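All chains are identified by letter, namely A, B, C, D and E, in their written order; residue positions are counted from 1 within each chain.
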Amino acid sequence: MLRLEGIRKLYGEDGDNPVEALKNINLEVKRGEIYGVVGYSGAGKSSLIRCVNLLEKPTAGRVIVNGKDLTKLPAKDLRTERKKIGMVFQQFNLLHSKTAFGNVAMPLILEGYSKEAIHDKVMKLLSFVGLADKADHYPEQLSGGQKQRIGIARALATDPHVLLCDEATSALDPDTTNAVLDLLKQVRDEMGITILLITHEMNVIRDICDKVAVIDGGMIVEQGTTINLFTSPQTDIAKSFVRTVLNDALPEATWKNILEKGSSNSVYRILYKGESANSPLLSNIAKKFSVDVNVIHGTITTIQGQPFGNIIIEFIGDSREVNIVVKYVQEQNTTIREVAADGI
Amino acid sequence: MLRLEGIRKLYGEDGDNPVEALKNINLEVKRGEIYGVVGYSGAGKSSLIRCVNLLEKPTAGRVIVNGKDLTKLPAKDLRTERKKIGMVFQQFNLLHSKTAFGNVAMPLILEGYSKEAIHDKVMKLLSFVGLADKADHYPEQLSGGQKQRIGIARALATDPHVLLCDEATSALDPDTTNAVLDLLKQVRDEMGITILLITHEMNVIRDICDKVAVIDGGMIVEQGTTINLFTSPQTDIAKSFVRTVLNDALPEATWKNILEKGSSNSVYRILYKGESANSPLLSNIAKKFSVDVNVIHGTITTIQGQPFGNIIIEFIGDSREVNIVVKYVQEQNTTIREVAADGI
Amino acid sequence: DSTNVKVGTTTAETPTWELVKELAAEEGIEIEIIQFSDYVQPNIALDNGEIDLNAFQTITYFHSFKEEQGLHLSAIGTTAIWPMGIYSEKIEELSEIGDGAQIILPKEPTNLGRALMLLEKAELITLKEGFNGSGGVESIVENPKNLDIVTVTAGQTARGLQDATAAVINSDIAIAAGLNPTSDPVFREDEQSVPYINIIASHTDRKNEEVFQQIVDIYHSEKVQSFIEDEYEGAAVPVVRPIEEVIEEQ
Amino acid sequence: MEFSWSWFWPELFGSLNETLYMIFVAFLISLLIGIPLGITLVITRDQGILANKTVFNLLNIVVNVLRSIPFIILIVAIIPLTRLIVGTSIGTTAAIVPLVFYTAPYIGRLVENSLLEVDQGTIELAESMGATPWQIIWKFLLPEALSSLILSLTIAIIGLIGATAMAGAVGGGGIGDLAISYGYNQFQTEVMVVTVIILVIMVQLIQSIGNYLSKKIRRS
Amino acid sequence: MEFSWSWFWPELFGSLNETLYMIFVAFLISLLIGIPLGITLVITRDQGILANKTVFNLLNIVVNVLRSIPFIILIVAIIPLTRLIVGTSIGTTAAIVPLVFYTAPYIGRLVENSLLEVDQGTIELAESMGATPWQIIWKFLLPEALSSLILSLTIAIIGLIGATAMAGAVGGGGIGDLAISYGYNQFQTEVMVVTVIILVIMVQLIQSIGNYLSKKIRRS
C-alpha cells in the first residue's frame, strides 16, 4: 500500500551547512496496517512522513502509494492521490480564519460535498473527538489538545485510504489519547485504512501499532512487529524507548537500597512472554526452593494480546540455592540474567 | 512563593457564549517545590498557568508571587516580577526572525547582558538541551522537539525564580524528556527554583513533581503529594491518569483469558507501598499456603524514592485457602481486593 | 449635430463661458463646457474632434503648439488679454533686482514662454533668437544678473511672493491672490500686445462653420464684454478684433 | 472673481458625483485586475505554488513600469487605449482608464505583500489535501490573508481618491479637481475648505470601515 | 523647439540629482515619522500593548486628514510651516516638506498593516519576559514584521517617487518634473523616453532590492 524506497532528504542543499535528515529509508506498510515510527527528537520522523505525501520532495528515492510512484506523477495526478492521504500535522496547521467546524469541513468543501453532507459528517467527527460544543470556536479560542483534535478530525473527514499522523496525540491527555486510538483502530477495522504514525509515546505504539520502525540520525535502525520490539529490542535506542513503557530500568533509589543491604549479587531480571507468563513461576520457586522471592521492580502486561513480563527480583537465601533456582528458571524457557550495576 | 487565590477566568465575556475556563482555583506552591498540574485536554491547565504571569488577566482572584499580588501591580513593577518568571509555552512561541541562538539570547538581551556573557550562557543552555549544533538554525529549520527545547532553554536563560512549564516535554522523546527533567531537578536543587508544570504525561509527574493538582472543568478536583496521588487516587480522573503509568487496569485480552478459564473469582489486586514492599510477600504466600500465585498484570516501581507495587494476581487453589490467604495479606498491612468485572 | 458644441476651457475662463452658454442657448446653440486643468489636452482633444472649440491660450502658444505637433487647428476668434506682470514685495523698481535674485515664473507652457518674454522685455535676460513662446528656461542665452529662475505652477507664483525677489504672475491669479494687476506690478505686459491675445480655436476643417462664428459673435457681444470687465476687475481685458488681423500682426 | 454659494453647491454635488463614479468604477475594475495580479505575483515567484520565473518577471516589470510613470504622463501614454475602450480620451469616464492603470498595479503590490504574510503551513495544509492552485488561492490564501487584505485595499482606495484629483487634466472633474481649480488656482478658500472637509470625511469613513472589518476578521 | 542633447544631459543629471536628493531626504524623514506613527497606531489601538483610545483616534484622524488632501493643496496648506522649516516655500528643499507630509502618514498606514500581522504569540512572549513597550516594539514587533515591512517601505518609496513628479509645482524640479515639463508639456519625446526609462530603472532597482531583502529575511 505504501512503500518508501531509498528515500534521502537533504535540507538547505544550496546553503552552507546542508542537513541530511534522511539517509536511504526503506519502509513498507501493508494495507490496513498501523505502522509506528519512533525516534529521538530531530531523528527525521517528520521529514519521513512528509516525504510520503511529497510535502517534502525527497532528494532521492521513490514513494509508492497504492502502486503509484508519487515522485513521478504530474501535478494533477499527485493531487488526486493526495486526496486519498489524510495528514495530521505536528503543528496542527489550522486555518485561523475558520472555526473548528470550518477547519474540519475544509477537505469536504474541496471535494464538493453538499452542505448537508458536510454538516452531518463534520458534526459526527467533532463529536468523535469530543468537540461538538466547540464547533463555532476559532483556533485561538481552543486549547492545545483541542486544536490537535480538530486536526485529527479534519484528516479523517474524507475517509482517506492512508492516514499520516505526525505526533497526533502528543498534546492529548491519556483518556483523549485512548479515545483517539480507539477511533483509529475502529477506522482501520471498518474501512481498512492504512496508518503511518509518528509518536514518541511508546504506549501509543503498544496499544495500536502492528509494526514499528525505530529511526535514528535519519536511518531506520530497527524495525519489526511491535511485540518483538517490546520483548527483544536490539538497539540501545529501541531499548530506551521500550523502557519508558515497560519500566525495566531499576530506579536509582531502589538500586542504592539493594547495594546498602549488600544483596546486589542476587538481583535478577526475568523476562517471560506468551504462554509461559501464565504458569505461576514465582510461586513455584517459592514452593520448590528454600529461597524467598521479592519482586522489586517491573511490569507485567499484555502487548498486542500477548502476556509479557519484565521484572526484577531479589532472591533472599543461600547463594548456592539461588544458582539452582536460576537454572530452574532457565529450564522453564524463561530469560533470566543478573542485573548489572547500572540497574539494567 | 506562588499562590493562586480564588482565580476565575471567563473568556469572551462580552460575546454570545462566554467560556468559564477557571472556577475558583486555589493553589499554593512553596519555594523550591515542583508542582504538577494534570487534567484532560481543555480542562483549563494552560489558562491557569497563563494566569500566574498575568498573560491572561484573571476575571477574579489574586495571584501572589513572591509575596506580591501581581494583579495589583502597576505595569512597571509587573514587568520586574515577570522577569523573574520563566515560561515555556505550549506552542513554543519562537521568534521566526531569530536563530535558535537568538531566541535563547532574547531574555538576556532584554536584561542588557554583555555579548560574551550572552554567548557563554546561551551556548551552555543549547548544549544542555542538545542543540549546540543547531545554534544558527532558524525555527522553521528545526523539528518539533527541537523547537520545544529552544523554548525550554530560553525560559531558563535568566535564572528565573519561578518557572512555568506548559507541556514543556510533550513533543519530546523519552530520553530527551529525561534529560530535561534532570536539568529541571538540578536547577531546583542548585538554585531553589520553584516550578509549576503542566503535563499530561504521568511519568513526568512521577519522576519530578513533589505535589500534583488534578484539574477538571476549570476546578481543582484533587491535590496532594505525588506519592499519595499515585497510591490512592480519589477521583476517577486521577485514577485514570495514574493508570497510564501504573498500568493498573487489566487489559481486555487478559481478562477474557481469565474468564474463559473460569477463575475470575480468585483474581485480586494487591497494592503495597513503602516498607511493606520490601518483604517478600508473594514468596511468603507461596511458602505458607497451598495456593499457587500467578502475577498476571501490574507494576512494581519507585515513586519519589518510595517503592510501590500495584499488581493483579491470580490465586490458583482451593477457594477457602484463598480466603485465608487474603486475610493473611490484609494482616501484612497491604491492600488487597477482588478485581471487578471491568478489570479494575 | 452642429447645434451642440463642446468647448474646452480652463477654470479662469469658465465664468465667461457660462454666460456665453446662456446667451447661445437663446439662439438654439447648446454649449457644453469641459474644464481642463491642463494645457496640452485641450488642443489634443480639439484635434481629435473630442471637443469642438477650445479657449484658454494665447495666440502665440497656439501657433507654436500646433505647428510643432502638426495639428490641424485654426484660431477663429479673439477673447481677451490676461496681462502678466512682474510683482514683488521686496522691490519697487526693476533696477533694484540684484545679482542672484530669485524670480518665480509660472511653468505651464502657455504661461512660461510669455513670462520669459516679459523678463526679456524688462531687460533682465536675453532669449535666444527667434524665440516664439514655446520653450522653457533653456531658451535663455544671457542672464547677466545670474537670476535664479524657478518655475512653479501658476497658482504657486503669487504664493511664493514672500519668498522670492519677484514673481511673474498671471493677472487672474494676481486678482485671486488679492493683488491689483494694474497698480501693483513693477513691470507689466502691454494690455493690447498682440502675441498675448487669447483666442478661440477650432479644427481647421471646421473653422468656417457658422455656429462657431455665432459663438464668437456672442463672445464679442456687449453683454459678454462688460461681464468680463466686471467679473475680472481688470485681470482680463476684452479684445474684440477680427482674428485675421491679429494673425497677420502676430 | 467672487465666490458664490449658489454657484458652489450644485458644482460641489456634481463634482462629488463624478468623484464617486470614478472611485467606484475605477476601484472595481482595479480590484478585478489588481487582486489576480497580486495573486499571480505570489504564486509564480520562486518557490510559489505555480513558480514560473518568466511570468513573475514579466508581471513584476509591468507593475514596476506602470508604478514608475508619473500619473499625468501615464494619462497621455495610454490615450489611444483609453479611446479604444471608452471611445473618448476626455471626460470623467475617460479618466477612469488611467486611474485603473494607476490603481491596479498598486493593488497588485499591496495584495502581494499581504498574501506573502500567510503562514507556509497553510499552503502545506492545502497541498496535503490535494487542493488545486485555484482552491489554494480562494479557499486558503485569500481567507487567511483577508484581514490584512482589507487594510491594504483601504490604503489603495485612499490612494485612488488622491489620484482622482489629477483627473482634471483630461476634463474628468471631481471633487479633488474642484479643490485644485477653484480652491488652489482661484484662491477660493471656501471651496478649498469645503472640498477638503468632504474628502476627509470620505477617507475617514473608508478607513473606519476598513479598520472595523479587518479587526472583526482578525478577532483580536 | 528643437531638441538638443547638449542641453539635455546636464539638465538630466541636475534633475536626477534633485530627485535623488528629494527622495533620500524626504524618505529618511518620513521613515523617522512614519514608522513611529505606524507603531503608535498599532500599540495604542484597542487591545494594543499601550491601548489608548484618545491617542489612537487622534493619530488615526490626523493620518486620514493628511491622506485625503490632494497633494497640491497639501503643499499650499503647509506653506507657512514649510517656510518656517526651510525658510522658503519655493525650490527643491521646500518641496521636501510636503513630500514628507504626504509620505509619512502613508508609511504610517503601511507599517500599521505590517505590524498587525505579527503573531499574537510574539507579543505574549515579550510580555512574559517582562519586556518594556519599547523593547516589545524594537526587539519583537519590528524584527518579526521586517520582511513585510521592507515590502511596505518599497511600496512607499515608489509612491514617493511618484509624488516627487508633483514637486515641480513648487519649483522642486526633479526627473518627474523634467518628464512633465519637457516630455509632456513641450512634446520632447526624447526627454519623455529617457526620463521614463530612468524612472523605470529606479523603480525596478528599488523593487528588486526590496524583494531580495524581504525574501532573504523571510527565508522561504
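Here are some notes:
Just so it is clear, a residue touches a chain if its C-beta (ideal position, glycine included) is under 8 Å from a C-beta of that chain, and two chains touch if they have at least 3 such contacts.
The chain lineup, named per UniProt: A, B = Methionine ABC transporter ATP-binding protein; D, E = Methionine ABC transporter permease.
Nothing here was measured: the structure is a model prediction, and the numbers come from that model.
The set of chains in contact with chain A as well as chain E comprises B, D.
Common neighbours of chain C and chain E, listed by label, are D. Within the contact network of the assembly, the step distance from chain A to chain C comes to 2. When chain pairs are compared by contacting C-beta pairs, A-B ranks highest. If you average the CA atoms of chain C and of chain D, the two centres end up 36 Å from each other. Chain A and chain B have Cα centroids lying 21 Å from one another.
As a whole-number value, the distance joining the C-alpha centres of chain A and chain D reads 54 Å. Multi-chain contact residues of chain B (touching two or more other chains) are listed as 91, 140.
Along chain E, residues 72, 76, 120, 147, 184, 220 each make contact with two or more other chains. In chain C, the residues that touch at least two other chains are 40, 155.
Those chain pairs judged to touch are A-B, A-D, B-E, C-D, C-E, D-E. Interface residues of chain A, counted against chain D in their complex, comprise 53, 55, 78-83, 85, 87, 89, 91, 93, 95-98, 106-107, 109-110, 138, 140. By the touch criterion given at the top, residues 121-122, 124-125, 127-132, 135, 139-140, 143-144, 146-147, 217, 219-220 of chain D touch chain A in their complex.
Those residues of chain D that touch chain E in the shared complex are 46-47, 60-61, 64-65, 67-73, 76, 106, 109-110, 112-114, 116-117, 120, 147-148, 151-152, 155, 158-159, 161-162, 165, 176, 179-180, 183-184, 192, 196, 199-200, 202-204, 207, 211, 214-215, 218, 220. Those residues of chain D that touch chain C in the shared complex are 1, 72, 76, 79, 83, 88-91, 168-171, 173, 177, 180-182, 184-188.
Interface residues of chain A, counted against chain B in their complex, comprise 11-12, 17, 19, 38-43, 45-47, 90-91, 136, 141-146, 148-149, 166-167, 170-176, 200-203, 237, 240-241, 243-244, 247, 251, 253-254, 257, 277-280, 282-287, 291-302, 305, 307, 309, 311, 314, 316.
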